[in-house]
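Can you read through this structure? Questions will come right after.
Note that the chains are named A, B, C and D in the order they appear, and that numbering of residues resets to 1 at the start of each chain.
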Amino acid sequence: MSANIGFIGLGNMGGPMASNLLKAGHKVKVFDLMPAAVEKLAASGATVCQDAKQACDDVQVLISMLPASIHVENLYLGEAGILSSIAPQTLVVDCSTIAPETSRLVAANAAERGIQMLDAPVSGGVGGAVAATLTFIVGGEKAALELARPIFENMGKNIFHAGAAGAGQVAKFCNNMLLSVLMTGTAEALQLGVDNGLDAGVLSEIMRQSSGGNWALEVYNPYPGVMDNVPASKDYEGGFLVDLMIKDLGLAMEAALQQGASVPLGSLARNLYINHGKAGYGRKDFSSIQKIYNKDEPES
Amino acid sequence: MSANIGFIGLGNMGGPMASNLLKAGHKVKVFDLMPAAVEKLAASGATVCQDAKQACDDVQVLISMLPASIHVENLYLGEAGILSSIAPQTLVVDCSTIAPETSRLVAANAAERGIQMLDAPVSGGVGGAVAATLTFIVGGEKAALELARPIFENMGKNIFHAGAAGAGQVAKFCNNMLLSVLMTGTAEALQLGVDNGLDAGVLSEIMRQSSGGNWALEVYNPYPGVMDNVPASKDYEGGFLVDLMIKDLGLAMEAALQQGASVPLGSLARNLYINHGKAGYGRKDFSSIQKIYNKDEPES
Amino acid sequence: MSANIGFIGLGNMGGPMASNLLKAGHKVKVFDLMPAAVEKLAASGATVCQDAKQACDDVQVLISMLPASIHVENLYLGEAGILSSIAPQTLVVDCSTIAPETSRLVAANAAERGIQMLDAPVSGGVGGAVAATLTFIVGGEKAALELARPIFENMGKNIFHAGAAGAGQVAKFCNNMLLSVLMTGTAEALQLGVDNGLDAGVLSEIMRQSSGGNWALEVYNPYPGVMDNVPASKDYEGGFLVDLMIKDLGLAMEAALQQGASVPLGSLARNLYINHGKAGYGRKDFSSIQKIYNKDEPES
Amino acid sequence: MSANIGFIGLGNMGGPMASNLLKAGHKVKVFDLMPAAVEKLAASGATVCQDAKQACDDVQVLISMLPASIHVENLYLGEAGILSSIAPQTLVVDCSTIAPETSRLVAANAAERGIQMLDAPVSGGVGGAVAATLTFIVGGEKAALELARPIFENMGKNIFHAGAAGAGQVAKFCNNMLLSVLMTGTAEALQLGVDNGLDAGVLSEIMRQSSGGNWALEVYNPYPGVMDNVPASKDYEGGFLVDLMIKDLGLAMEAALQQGASVPLGSLARNLYINHGKAGYGRKDFSSIQKIYNKDEPES
């Protein structure tokens, strides 16, 4: 069933997501500050808007995909904020990865105007955005999520309901903090085994089937040559950048600070990732953390 | 096919392992310094030996299961060492979790006498020993492992070949170091989510299906009440004790020291486990590390 | 030389600070939301104000001492903010320990109105506030600091100029982050020595005179019984509370997050302090971190 | 008063130490496996020995300065061990930095033969060895230390008695573990301040006089340009090498493992130093750990 959708933010992620909505037969009105990003979508059949407010007119669903909390706050709540331009029956879905308090603040403002809003940060990277295999981790009313589900399914595969407004953000940074720990711990265990004479592939397989089993060993082994078609076997190109992992860990750390939560392993992983970024690996895949453990290859 | 087997070391693990060999129809000669341990096996049909050397006589397979490196070294190589009492055609299998250099030293001494030896530390705990569902992680010749396989299968389910002598030990402590990091990281992520308003069960399920997925989330969730029948839902009773995790982490740290390996997350997990043990949790299940993150329940 | 001074915030620190200004012969107008705090100062000769604005009238210097950023922001900039009630020739000194961006924001707003402002967080604790031996770490114009110096000297001993607005806050949290690392590292080294047979006092003296020398070993030894008259020898009563160290470490961590700075040791110290607080030590002196290393606590 | 002294081990440290004994007027017999090292001392007036045993003949004091535990064990206790060649009235002083259990083992063997032995590891580096300003941290009988004191004073300035045999080793690695934490923590605090707009020199001075004060801020500031004549201002050349700090931290970690001691900060410092060494800084001064915090390194 075709819907009228507004889409604001057509970057590396938003662009292919909007494109998949067009492929699914929806009418999509798009806006981005970068003309090049807009033109690409226009060529695929999107209607070009001159500003964000235009993208809100006469749509059933409005989706935003922006880099950080400040952009989301400015878009919806700033002086030229679009909340006042959105009709009450519109379902608003913010797919940005931002601080949960920003998600909650915008959702509360939306609710005051009778607008339903979901925070729905994604995982799966650019590859997942293009292939329409993203995971959506959603905060907000369950009923609103069900309304949005067909739209999510045009852009992704797994859709999780994490809880009330902001919960999508919390679940995402908890997951990514754990991921940073898994990946770093896996890299560390593999190198310790190799330093003690084991074959990385053999050890990977033993741990994968044992109590050390985790997502990295299943599908994203950080040790070069163990798996085909993962960044580790392509000089850590592509994938999920170290700089982006640092951003997500920052959101987790902020939340930990606010709650007085203890996060020793997450903090350590973050600091190791920052050191790694400073050593020149910011634009490499996050599994390149393997490099800090490697005996044979000095980093400088 | 029935074999004559000698079994030395009938503790919490060795006792049920020897018992399973008897159930499988083998003739088992047993020895332990503790009379009570021996009597229990005798009641199940084992032949009681007066000393370790007797357990070596006329057996096809000799198995040992001892607490630490020093015991294994003393048993095989000490002044009253049994290596000289073992016939060359005997297959020797040490299931103790010890330092790999001890495994290598004993195996090298055995090889000089023409005796094949495997290091085969297990995982799965007392429960796995009783249920014959242990995992064996084996170092030594592949051919020797194949000879031992039917015997392993009487006591466990998964049998891995990690590499040459000592490799079973290395693979085990690498796995358990990674496990300590996964478990601690999972506990940390769950509490961070709960502190930020999420339900532990909902967050567990989201991360389990996402890139934070790992063994703890699959079968051994550390957060009370999320899973039935795990230590977390039984006040952390039973399972794999904090004190034993500390022991295994000690082996990993020793190996890291010897190789100059970098193990920041493993070191941190170990130190957190030691702090946790000092706070009174040494005899609780290792998933009780959840407690150090818990806001509402002061530990003292 | 006597001055007219307004003083807002008469808590554990502000109270004795204002009292010392009275003792030095200044005319002090005071305000606090807590009547009991105000009455105490009134009994010492202070003029009681009915609200914060009254404390700004006809004073040469206005001092504030509040718990956190939000209170400072509300006091000066909020709807009922007092900046508009302060005469341009007034020197404003905020002694609160808060985020540097809040100090900078308030100072910038003050500057727009022609008001000079200093951020001057203190160290030395309640004891130092009472004894007029506080250290002031000051951000803002050097000339303004020189104007305020006689006032500072009525309340403390050391006055440092850290740099421009906000620099006082930065220098304080950098110092306190380093202090948390020194204290924790000293406790750790002492216990490692004791566990290996050394006398804590002998080891303390050796390290104090060697390259391990630091403030904790000089005047604030965390090991019970090594020094008289320190919290460690009084069951860790009094001094600088664990909860306050956690607060200051939070400011350091926030600044590190904002700058993408790597702070592995500071992060670890903070997480250990949080664990320590959760274990029931939040209201003990921060040198009680020694407890997490102590073997005498039951291990099982 | 001139003594007959045997000196075994004439490396970077032992060479200048023996040379200072010659300058002080002692008769010194020397041995080293490296002919070049021996020749240099011969040119200064030392008597050359053909093997270690010759260096024991007819001396009042025998000093050894070797790289690691294994060398000390082999020298004194091995098959060609020299203990049997040492006259009971000889005072034996081992200045090597080694494991305390090795010191205790050799001392116990010496005691059985009626030989007094001290473990006396030094700090102060090659510079201190040349300038005769070393610090000796001594384990063994106090009376034996007093006998050796004049000899120590020919080679150094500070002489500490840490306790019984092995205590010199324990005190040294405790001190150096704390030093690694101080240096790393100081570097971290300085960079956090600089990243937040402070001048490194100003911040150093504030913290030096405050509760962050420590040996690094007093005499060995790690931030380039703050102090003259420290490694930080000479591209981290000279001084105490990262590789040697890693060695000493290894001794601390071994002792912690054996005692089940918790050493989270020491472990983290060690792992950061190992990462730093792998990144190519093993032969730089240990204050170069500042580099891992430095923002100027390219982030991508």
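Note that a contact is a pair of C-beta atoms (placed from the backbone, for glycine too) under 8 Å apart; a residue touches a chain by one contact, two chains touch by 3 or more.
Worth saying up front: this structure is predicted, and the values here are computed from it rather than measured.
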| item | value |
| --- | --- |
| Furthest chain, CA centroid comparison against subunit A | D |
| For subunit C placed onto subunit D, the superposition rotation in degrees, Cα atoms, nearest 5 | 180 |
| Between the pairs B-D and A-D, the one where more C-beta pairs touch | B-D |
| Inter-chain centre distance, subunit B versus subunit D - centres from mean C-alpha coordinates, in Å | 39 |
| Whole-Å separation of chain centres (CA-atom averages), subunit A against subunit D | 50 |
| Residue list for subunit C, restricted to those that touch at least two other chains | 260-264, 268, 272, 275, 278, 292-293, 295, 299 |
| Arrangement of touching chains [line / ring / star / complete / other] | complete |
| List of subunit C residues in touch with subunit D within their complex | 100, 123, 135, 137, 158, 160-164, 166-167, 170-171, 174-179, 181-182, 184-186, 188-193, 195-199, 202-203, 205-207, 209-215, 218, 220, 252, 255-256, 259-266, 268-269, 272, 292-293, 295, 299 |
| In the complex, subunit A residues that touch subunit C | 246, 250, 253-254, 257, 260-264, 267-268, 270-272, 274-275, 277-278 |
| Of subunit C, residues touching subunit B in the complex | 268, 275, 278-280, 292-295, 297-300 |
